[in-house]
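Chains: A, B, C and D, in written order; residue numbering restarts at 1 for each.
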Amino acid sequence: MDLGPHAGFILASYGLCLLTVLVLIAWVRLDKVAQEKALNDLADQGIKRARPEDGSTQVS
Amino acid sequence: MTGWAMALFQRDLRLSVRVGGSALVGVLFFLAVVTVIPFGVGPDLNLLARIGPAILWIGALLATLLGLDRLFQADRDDGTLDLMLMAGRPLELVVLIKCLAHWTATGLPLVVAAPVLGIFLNLDPVSMAAVTATLLVGTPALTLIGAIGASLTVSLRRGGLLLAVLVVPLAIPVLIFGVSSADAAIRDPVPFLTPFLILCALSLIAAVVGPIASATALRFASD
Amino acid sequence: MFQNLSFTLSQGTALVVTGANGIGKSSLLRTLAGLVALAGGMIRYESGEDDRPAHEHAHYFGHQDSVKPALSVLENLEFWQSFTAPTAAAGFAGEPRKPMEALELLGIGHTAHLPAAYLSAGQKRRLSLSRLLVTARPIWLMDEPTSALDKNSEALLLSLMNGHLEAGGLIVTATHTELALTKIQTLHLEAAQPAEQALEEGFL
Amino acid sequence: MAFWDYANPTRFLRFVQVVLPWLTGLCLLLFAVGLYMSFFVAPEDYQQGDTVRIMYIHVPAAWLCMMCYSVMTLSSIGTLVWKHPLADVSAKSAAPIGAAFTFMALVTGSLWGKPMWGTYWVWDARLTSVLVLFIMYLGLMTLWRTMEDPIKAGKAAAVLTLVGALNLPIIKFSVDWWNTLHQPASVMRFDGPTIHPDILWPLLVMAVAFTLMFFVLHLMAMRNEILRRRVRALRMRAASAAQPGPAGAAQPAE
């Protein structure tokens, strides 16, 4: 595929967008891992949520 | 580096990066200043390219000054400063290390952001590189000189403005040589290295004078 | 600030400073801590290291906790452990404790990895106290050490202070409450003649 | 009413668990189709040549950075007026995503501008107002970071978000109100799009793909934020809990 004289600009914009999206995905993923680790650490100390995980209880 | 110095550096870095810290506010302010200037002088790209280095330098100066008021105040407010005075470590070194940590958290991001902001000001690659280089060697001087103001105003509730007033005159030489060496890189006949080396020298002098002066001021401020 | 003030304290003794509010108990402690310059006179610590002033042999435990809410409890303590230079003195046998050990001892071991922002006032106070345990220094300057502590913690504090005295340390403490310490000397501060009180009066 | 059903965070998390795989799959599919179309189906422009292909990411990113701010504006109303418990979670987790889309719009616009206009940046109304939007996003993120209490931070940020929403119509109509280099709207017009279907279709597919990507990331970020608040609440409980176990060392030696 020939992208003409400005191929560099086109590829750079697609590349930078891809990079930004990857950074976003990495942020979301790593944040999840960190929060779950914190929850597990607390659970190891015996600190757990009073409400069960099934979500059947209604918040009043 | 000995253990206590590393511990202090790490602690200050952590404090500025964590929740409630001010690590990236400076860069944001820098960006805001650079965005505002074209509204004032008009969007003429040639004019902006000509005064671009100066805009970046003034932006960096303001961003540095803005972040300095908490350098010692946060530690004074909770009694940490008293304990630091008693810790048996040379206070001048303590100040120097605190400045280094502060610069790493607030000054270094300014240097990194400068080339990006250069695009907004229509700077060509050579002057962009020159401005970034001058900011890299110049902003430590701003932080170190600013530390003097920060220690003088440490006991004041609203010390921020006074700090800026006290520090700006002292920071003028840094600004002069920073901007002139950046300009020298753009206009051919003027040598770049002469003002640049003077700028380096200013940073080194500030690294000596700043900590000594602010350590003295902090000792007076404790009672 | 002070007139005709002189006292000597020997090893293993606590000096309890009493007096009315505003008489200058805190100022006396801050002067001993080297935070307020002496207008005249001198402070000497005879058995200490020669190249260090008296206040560098001392821990200051004042009204402020010096706890950074953004750091974890352990990070707070470990910083003070590495930052504060330990000092020795002839006849002082105090041993520094490990940070975790000190936190456990004060009953806040379970909070070690939490940000200090989540601690209650009493817990912050105990974290601040743990600082005295992780670096060995022969003199403890304690300003109202029992404030914000409950009965249990107060008893714990007293046992720690007595332990420090037994190891040959000194304590100077300003307090309103009775402290059950082993060897006590008392210093009672009284107001001087009002005309002589302030330095500025000299300009009248 | 579904809106209030999901006020229960646990229920919301279950909803995310169910919806997320489908959304992600659909999003990836649309990206595959959209990228294929924008490179192989869409013709090159008779004036701009192949650089017009930058449009297929530039325009969706620009739409999304405005839509994301609209979501934040709605969430802010939710925080201040309806006091919906997930509203400030939604607003907080949308900000970094919005900043990223704005960044993409600025970068691609800049890279498109260089070959077309001869410069990476001009200070015209459209570009400047989008840059202001970027600064708003970063400012909001910083505001959230500087305040320790998420409830207080949420309220402060909501007020700022609502004030900043004034910028949205400025961005939208900047090309009509001021003379700029930036070309006027050609898709979002009252009298229907003015561009050729061969260009319009890839653009629409990419736009839907970007929108789905926003929702996927937003739901994931909201889930993280709920977990973060949970950690915070549990940590507070952990600090106030008594020392677990018979801590013999904690007993004062009599």
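One rule holds for everything that comes next: a residue touches a chain if its C-beta (ideal position, glycine included) is under 8 Å from a C-beta of that chain, and two chains touch if they have at least 3 such contacts.
Computed from a predicted structure; not experimentally measured.
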| item | value |
| --- | --- |
| Most centrally placed chain, judged by C-alpha centres | B |
| Chain pair with the greatest number of C-beta contact pairs | A-D |
| Separation of subunit C from subunit D, taking each centre as the mean of its C-alpha atoms, in whole Å | 53 |
| Whole-Å separation of chain centres (CA-atom averages), subunit A against subunit C | 48 |
| Centre-to-centre distance between subunit D and subunit B (centres being mean Cα positions), rounded to whole Å | 33 |
| Approximate Å spacing (C-alpha centroids) for the pair subunit A, subunit D | 14 |
| Shared-contact residues (touching 2 or more other chains) in subunit B | 19-21 |
| Where subunit C touches two or more other chains, by residue | 69, 110 |
| Multi-partner residues of subunit A (at least 2 other chains) | 45 |
| Chain-to-chain touches, reported pairwise for every pair that qualifies | A-D, B-C, B-D, C-D |
| Touch list for subunit C against partner subunit B, complex | 30, 33-37, 52, 55-56, 58, 60, 62-71, 75, 78-80, 82-85, 87, 131 |
| Residues of subunit B that touch subunit C when the two form their complex | 3-4, 6-8, 11, 14-15, 18-21, 78-80, 82-89, 222-223 |
| Of all residues in subunit A, those that touch subunit D in their complex | 1-7, 9-10, 12-14, 16-17, 20-21, 23-25, 27-28, 31-32, 35-36, 38-39, 42, 45-49, 51, 53, 55, 57-59 |
| For the subunit C and subunit D complex, residues of the former touching the latter | 69, 104-111, 114-115, 117-120, 123, 152, 155-156, 158-159, 163 |
| Residues of subunit D that touch subunit A when the two form their complex | 7-8, 10-11, 13-14, 39-40, 44, 49-51, 53-54, 57-58, 61, 96-97, 100, 103-104, 107-108, 111-112, 114-115, 213, 217, 220-221, 223-224, 227-228, 230-231, 234-235, 237-238, 241, 244 |
